[in-house]
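Chain lettering (A, B, C and D) follows the sequence in which the chains are written, and residue indices restart at 1 in each chain.
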Amino acid sequence: MNDILFNLPKCLTIRNKESHNEKTSTLTFSLPFEYSIRPGQYFMLWVPGVDEVPISVSGYHGTHISFTICDVGSASRSLNNKGHTELIGLRGPFGNGFEVEYGKNALIVAGGMGIAPLRFLIQCLTSNITSSQRIVLIQGAKTCNDLLFRSEFERLPIETNFCTEDGSYGFKGFASTKMDLLLGDLIQSDFNLEIFACGPEIFLKKVLYVAQKNKIEKNTQICLADRHIRCGFGICGSCFLDDIGLSLCRDGPVFRGSVLLEVTDFGQYGRKSNGLKYQFH
Amino acid sequence: MSDLTTFIGRVQIRNPLILAAGILGSTFSTLNRAYQEGFGAVVTKSVGRHPRDGHPNPSVVYIPETDSILNAVGLANPGCIEFGKELVKIHSDVKLIVSIFGSTAEDISSVIQCIENNIGNSKSVAFELNLSCPHVQKVGMLVGTDPKLVYDIVNQAKSITKTAIWIKLTPNVKDITIIGEAAIDAGADALVAINTLKAMLINVEARKPILANLRGGLSGRAIKPIGIRAIYDLYEKFGPKVPLIGVGGIWTWEDIVEYFLAGACSVQIGSVLSQYSSPQFIISELLTGLQKYLVQEGLSLHELRGLAHE
Amino acid sequence: MSDLTTFIGRVQIRNPLILAAGILGSTFSTLNRAYQEGFGAVVTKSVGRHPRDGHPNPSVVYIPETDSILNAVGLANPGCIEFGKELVKIHSDVKLIVSIFGSTAEDISSVIQCIENNIGNSKSVAFELNLSCPHVQKVGMLVGTDPKLVYDIVNQAKSITKTAIWIKLTPNVKDITIIGEAAIDAGADALVAINTLKAMLINVEARKPILANLRGGLSGRAIKPIGIRAIYDLYEKFGPKVPLIGVGGIWTWEDIVEYFLAGACSVQIGSVLSQYSSPQFIISELLTGLQKYLVQEGLSLHELRGLAHE
Amino acid sequence: MNDILFNLPKCLTIRNKESHNEKTSTLTFSLPFEYSIRPGQYFMLWVPGVDEVPISVSGYHGTHISFTICDVGSASRSLNNKGHTELIGLRGPFGNGFEVEYGKNALIVAGGMGIAPLRFLIQCLTSNITSSQRIVLIQGAKTCNDLLFRSEFERLPIETNFCTEDGSYGFKGFASTKMDLLLGDLIQSDFNLEIFACGPEIFLKKVLYVAQKNKIEKNTQICLADRHIRCGFGICGSCFLDDIGLSLCRDGPVFRGSVLLEVTDFGQYGRKSNGLKYQFH
């Protein structure tokens, strides 16, 4: 519990708000001071009177911290509807975050909202990029409209590959399919590669499958988001993954592909807030 | 090396550290893992007759100033039928205690039966009846503060199962020994004390209670002196014949010794797990400290029990 | 600057910070000093009919891990006749609350009369009846957990004095509002919550309880969430018409705001004084913080009250 | 509360025990590590099952800490009767302690058991003594037998003046009387003087009178011991001095003579454990 900035929710007002589409926006807050926060870590965002939900850090610079939120229900909706004077409680940072080795080539695979923590990762990687280093992004989403941060990424020194399910922009199909197409080549060209992925678990299962096929699962870091979070610090038991019993909230949310191969529920079953298992689809 | 084998009545466990109810124990995986990492036994999350979603978030927050936790999970559980299926997957060597809540004797007995129908009547070493949750209406604490109701619940539970019945007591009463006595009179095999204390925190910026449920229960370091007194009072009343399990704020091996000196024959560990990335670290720290103390004092764990009463 | 003048019923004090009973307040000198250093009012050490030596030492120890105090002073006091003489020497501008304990309505009324005979009936702004000391047999908590007895005590006290009667409640009950209700029904002018929690610590080397009295009461940072909940529960029950004084674990100005949001209209300060070489430092820290908050929020102290219930 | 080593009693066994006479002995304990402790500070010494009482540190070196205890009742008696294996609880150090300016000339005036904290002070002063510095001790006691540490002091580079009430050793009379006789001379010989005194309050009142007569009360540090101590950290109110309301346990036990002139009870009234005032005699 030593590296947690706010153990109890600290309420802040929104400093800046950027809408990406009808359902998604990025909220920026100003922390009272600079702090060490890693990509892949998340905060619990509390809308008093509504709910408190886990949201990844999608950007962090100086004291400015951003969260990119998709409206899927009560809390996310009211987060996105908040004005500049209303208070939102922040508790965190929680979770392990990605292990980042600067200078190493990186393949970043995002499905849908999975881009949120990866955007912060891309910010970090590109701010320290070397001339020989390749950073390849494969970003997938339903439609062109859902390709968050697209123009931002296009301005960065990275190789972008956009995919949409409806073909409205870039490759038509899943990011995992695109990854399958690209990975062989990338590895062959002596690509000393670290893979970073985030998205719905079913999608991540496919990503891991592709990585495993290419024997690179140990260098694949996968950020999960499909478990119910209560405490955030590994004590209440609501977010654990079967069989080995790893908490998403504290042992994760980032796991090596080689570890996830032992997680029997990975990509298959989640648990509701009452602990009941349900199948992903 | 001192032998740490512990008896709680007929129940024998390899060491006196038990994972407390509601900590990690929602799934077979975590219970397996906790036992594998060294606990002497593990208690499940409390389960009831029907599924309960529990309270919305915030439901569990950490209070750094006093190393304490405020929670109102609200007895979230998938109901005894589903939970029974979960428990089937627990390894057969795990010493398992199933925690149960309910509002009437029938309610609780039906959960016991439901669990035994699913897992057989030899898999769990005990049922721990949680009559003490301070943040759920109608079940929990309200039940556990009425000696007559406690008597009936225990009496009926004892009549339908051969498995040991432990009663988890609430500290939110004038005199914890009155409820303890009702439970023992009805045949309870052990008393577990304490559950969390009625508590609340308010965020001064939002001017709102932090927990979605408004009220919650306080656990962790803040409550240890209250737990120690509860065990001391119970031991003073019942002497060594009633097994007592101390819980509340155990952070160091000294805290365990304190509970034993007060009269506990075993302890449960909860909030302190928040301090460690994995249970094994705290377990080995606690057991090592305990061993060293016992060797130095030339006492067995058993001999330690109740010594503060002399 | 926000005006911090505070009303507790008819009682007006210059700021909402009151020195809690049993902290410093055994002598006229300390009460004078505490008021002079900035408290809005000061409560004396609890006084009874006859002299009591209190418990032997150790009787007050500090628990560093949770910034808390365990005490069993045992209501040491020189008896109301001598204490009355002490109180005569208190400066006339000091807002004085005399804390009183006893085991029956007669007992307590006779102490009130004895004090008023000595100091006149205008020197003290209120009597605070301590029906809640957790570590003295027969007086204190045992009294304060019986609603009928509380009613009789308050009723009789109200009949013999025009001075305000405040009732200090114990948290060692299932439902603090039941006792609060008995007190209010009998005409109490304000409720003070909470007193200390039943607690104990054992020294693992000596294998003995640390307090000479074995059992004691827990105060300080550990108990704040319990105090907040008590005030919240009381405010929910009685609304703004009953003055509530919050006490327990106040360490920072935020804690004061929390008590106000929960429903308090004033607070008492105790254990935190252990952190400062002189009361004035903590008082000015607390008042400055409070002022800043009020200005920033554009609220008066009065408006702050109970806002967490909205 | 920041410079307290043991807030809760820490039980230790006696490392060494030296009897001075039938009623008095010095107990030495070994602390777990070195710590900063000043002369004039005290610990609460707990005999489990009996009582816990304030006792000044009478010596401290490395990790070895000593207390010199006179049997006057249950706790002091049982402390003095303890064997080497029995446990005694230590809580402290408490109190302010003397302000020590090394290199300055010092007059030390002890009455009876008041020598205990002053012995630690003498240890400190002599361990840093300069060639031109004078340290004058006036030690008074009932009889020769009660002149604790006499031979130890005689071996030190200090000027000793012993006094006994029965004349069995040194000057016959009180240490305060001897002080009266010596002080004029000492001050005249341009003695840049700090006075340190400890003993029964009635005696200390006389010391202060003499100091005041010589207009040196501001440079007189007086260590008190005649109030009932419970908490040791200034919260319970049992040890306060009238009228200004100073705690002996935390504001003291050492006060400047100029401060004590304002303490109306000084040398006249104490308070029992129930708060009742009683007159010293």
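We adopt the following convention: contacts are C-beta pairs under 8 Å (C-beta built on N, C-alpha and C of every residue); 3 or more make two chains touch, one makes a residue touch a chain.
Treat the numbers as computed from the prediction; the structure is a model and nothing was measured.
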Any chain that touches subunit C and subunit A: B
Longest centre-to-centre distance from subunit A, chain (CA-based): D
Length of the line joining the C-alpha centres of subunit B and subunit C, rounded to whole Å: 33
Separation of subunit A from subunit B, taking each centre as the mean of its C-alpha atoms, in whole Å: 36
Whole-Å gap separating subunit A and subunit D, where each centre is the average of the chain's CA atoms: 66
Averaged-CA centre spacing for the pair subunit D and subunit B, given as whole angstrom: 51
Subunit C: positions in contact with at least two other chains: 63, 201, 208
Multi-chain contact residues (two or more partners), subunit D: none
Category of the chain touch graph - line, ring, star, complete, other: line
Inter-chain touch pairs (all): A-B, B-C, C-D
Contacting residues of subunit C [partner subunit B, same complex]: 63, 65-68, 70, 141, 145, 172-174, 197-202, 204, 207-209, 214-215, 218, 221-223, 225-226, 228-229, 232, 251, 254, 257-258, 261-262, 293, 307-308, 310
Touching residues on subunit B, where the partner in the complex is subunit A: 22-30, 32-34, 45, 51-54, 56-64, 69, 71, 73, 76-79, 82-83, 86, 201, 203, 205-206, 208, 210, 212, 270-271, 273-275, 277
Complex interface listing, subunit A residues touching subunit B: 1, 4, 7-11, 44, 46, 48-49, 51-53, 87, 89, 91, 229-238, 240-245, 250-251, 271-276
